[in-house]
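Paired with chain B in one complex and with chain C in the other, chain A is shared by the two complexes that follow.
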Partner chain A sequence: MTFLVIGIDAATWKIIKPNINELKNFRRLMKIGRYKTLILNEKPISASAWCSIFSGKTPEEHKHKAFVENGNLKTRDDIKVDFIWDILHKQNYDVRALNIPFVIPPYNFNCKFKPVGYGLPETPDEWQEELEKVTSKAIEILEEKPDLLCVVYSLLDRIQHFHWNEPIVLEWYKRIDSVIGKLILYADKFIIISDHGFCDRDDAEVQTLPEKTPRGEIKGDHDKEAILITNIDYDIEKLQDVFYAIMEEMKNGQGNYGNGI
Partner chain B sequence: MDKEIMEMGFEEKVEKSKDVIREAVERFKDKIAIAWTGGKDSTVVLGLTRELFNGRVPIPVLFVDTTVKFKETYDFINKLKREWNLNLVIARNEDALKKIEIAKDRERCCHLLKTEALNMAIKNNGWKAIIAAIRWDEQEARANEKYFSPRKNHIRVHPILHFTEKDIWDYIKSRNLPYHPLYDKGYRSIGCEPCTKPSVEGGSERSGRAQDKEEIMRRLRDFGYF
Partner chain C sequence: MEEKEKKFTSVSIPVPLFEKIKKRINGTGFTSVSDYVTFVLREILAEEEEDEGEEPFTKEDEEKVKERLRALGYLD
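Our next item is the complex of A and B:
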């Protein structure tokens, strides 16, 4: 059995729900599973949010706030918590993490992967490259039937910052929808989650980026409404619950997942 | 790189590695040593050798000491030396250590403290061959290496050329092999302390040693992060 967690950085119901008929995999998974809006208690910042999702710790506990601190890139080693993969690996589960953007470049565990554009894809070519490379690496891993794969696509966040309210955004949701359809074939249990939502820059909870940047005007920014779609029963109310949901699933799946606990 | 060998099953790969070590030890007898850094790959070579020789490592084990390895590296090699009863030979380029400023000119530093120290140890001990833990998939420059590769003054023997990084961890896991504690702290490749960064997640396995932060910072700046 494989438990698959697909993270989609910055995915929002604001795009998915009004366009659900064009996003057939989202529609199908929402129908066979459960879906909800996760309202973040913390600031909607990716570095901190992905850290919470995969460590089960609040920002106060993991103390990881941003990709860069005092002009230096934060690294895995700066974050003094164990992640789900650290813990389950020690319990002999076959766990992989692919392209997890709580640090830049995104983090990988137990797999070899070079993130596209250091996890900061800038152009349509790089967005497409990330989509393809992450998907093909994820499929390669899934064919080995790991107990758990956590994989994150970061491109939507970049696209939405610069193109919010433009038709191009939906186009990339459709492409994400298509790759989800491919990955989900390998999963018995799944969680699809975003680290925060998205909205007009002026309405945003936090302005993570200035209005004018060397790459153009910032049109959208993060809000506190993340998406969740899952077929497991665990009641996920906040980001950290994803960690506990996975742990619970692994425990309950004893005998089905690897050589676990 | 031999694709057919790379695609063998894990235990077949292990047997292939043991065959190479067996052949090397038979061929070079007391004129061969294993180069050990304390890292995962060379520790796996030690593990394979012990598996082959009923728990013993019957040839010298060479540790090239640049004097700026991590404390954890020294602790780890001393621990295994005791537990596995290794004939550990420590090589240092004492002359160079007195003269150079460590890590200032990285290339020169590596050459003097590693390559030169290794060459001196080969000469002083009369070794004809050195077993080294390089892998085809590690970096492009290694993709054309052979199991027995002649060098200027010795033969380099490469028993785990066909292992992937995953095979290394599978071996460590399946044999319950002790491994360097820094791997549990996010390091993927461990060298000397001044030149090995704590973690460059997502980059290539050896990228922690020479990461290009400039491009990352440029991208972050262009996105307006600071």
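Our next item is the complex of A and C:
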């Protein structure tokens, strides 16, 4: 059995629900599983949120707030927590993590992957490249039937910052929908989650970026409404619950998940 | 979703080594020699992936990341 966690940075129901008939995989998975809005208790900042999701710790506990602190890039070693992959690996599960953007460049565990544009894809070509490269690597891993794969796509966040309220946003949701359809074929259990939602810049919970950037005007920013779709029973109410949901599922699925002890 | 069975196969190891491992795992969390051997091999493969995998992250790389962060507005 493989448990697949697909992270989609900045995915929001504001785009998915009104366009559900054009997003057939989202629609299918929402139908066979359960879906809800996760209201964040913390500031909707990606570095911190992905860290919470995969460590089960609150920002006060993991103390990881941003990609850069005091002008220095934060690295995995700066964050003094064990992630789900660290813990399950020690318990003899076959666990992989691919392109997890709690640090820049994104973090990988038990797999070799060079992220596109250091995990900060800027142009349509790079967005497409990230989509293709992450998907292709994820499929390569899934064919090895690991117990758990956690994989994150970061491109929607960049696209929405610069193109919020433009038709191009839905176009990229359709592409994400298509790759979800490919990955999910390999999964028995799944969680699809975003680290925060998205909205007009003026309505945003936090302005993560200035209004004008060298890459253009910022039109949208983060809100506290993340998406969740899953076919597991564990009641996920907040970001940190994803960690506990995975632990619980592995424990209950003992004997089904690889060589877990 | 497809049902994907986890497959296992046998690997031969010398009997004295098997016996040595059997003694070593006594009283640990490992319930069989196979579990222990699987764990050790995964550790080795993970280390190798780490060594071969990521190219060293140089000062130049760090500057390129910061340039991208500036372009996207994350850094002043």
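Everything below uses one rule, namely that the second predicted complex is superposed on the first by the 261 of 261 C-alpha atoms of A that agree within 3 Å, B and C clash if a C-alpha of one lies under 4 Å from a C-alpha of the other, contacts with A are read in each partner's own complex, and residues count from 1 in each chain.
Everything that follows uses one rule, which is that a contact is a pair of C-beta atoms (placed from the backbone, for glycine too) under 8 Å apart; a residue touches a chain by one contact, two chains touch by 3 or more.
What you see is a predicted model; the values in this text were computed from it and never measured.
Colleague: With everything superposed onto chain A, say whether chain B and chain C fit together or clash.
Modeller: clash
Colleague: Between chain B (first) and chain C (second), which, if any, makes contact with A:Y118: first, second, both or neither?
Modeller: After superposing on A, A:Y118 lies in contact with both chain B and chain C.
Colleague: So in the superposed three-chain picture, is A:D77 touching just chain B, just chain C, both, or none of them (first/second/both/neither)?
Modeller: A:D77 sits against chain B, while chain C stays out of touch.
Colleague: Looking at the overlay, does A:H64 come into contact with chain B only (first), chain C only (second), both, or neither?
Modeller: neither
Colleague: Can A:V103 be said to touch chain B (first), chain C (second), both, or neither?
Modeller: first
Colleague: Once the shared chain is lined up, is A:H196 touching chain B (first), chain C (second), both, or neither of them?
Modeller: Neither partner.
Colleague: For A:R175, is the partner it touches chain B (first), chain C (second), both, or none of the two (neither)?
Modeller: The answer is neither, since A:R175 touches no partner chain.
Colleague: Is A:K224 touching anything from chain B or chain C once the two structures are fitted on A? First, second, both or neither.
Modeller: Neither: A:K224 stays clear of chain B and chain C.
Colleague: Can you check which stretch of chain B gets into chain C in the overlay, out of 27-35, 81-89, 117-125 or 207-215?
Modeller: 207-215
Colleague: Could you give the residue numbers on chain A that contact chain B in one complex and chain C in the other?
Modeller: 67-68, 73, 92, 104-105, 108, 110-114, 117-118, 120, 122, 158, 161, 209-210, 212-215, 218
Colleague: How about chain C: which of its residues touch chain A in the complex?
Modeller: 1-4, 6-7, 29-31, 34-35, 38-39, 42, 45-46, 49, 52-55, 57, 61-62, 64-66, 68-75
Colleague: For chain B, which residues count as touching chain A in their complex?
Modeller: 137, 164-166, 169, 173, 184-187, 197-205, 213, 215-217, 219-226
Colleague: Could you please specify the touching residues of chain A with respect to chain B in the complex?
Modeller: It is residues 67-68, 71, 73, 75-78, 86, 92, 99, 103-108, 110-115, 117-120, 122, 158, 161, 209-210, 212-215, 218 of chain A that touch chain B.
Colleague: Can you name the residues of chain A that touch chain C in the complex?
Modeller: Going through chain A, the ones touching chain C are 1-2, 67-68, 73, 89, 92, 94, 104-105, 108, 110-114, 117-118, 120, 122, 145, 158, 161, 184-188, 208-210, 212-215, 218, 258-259, 261.
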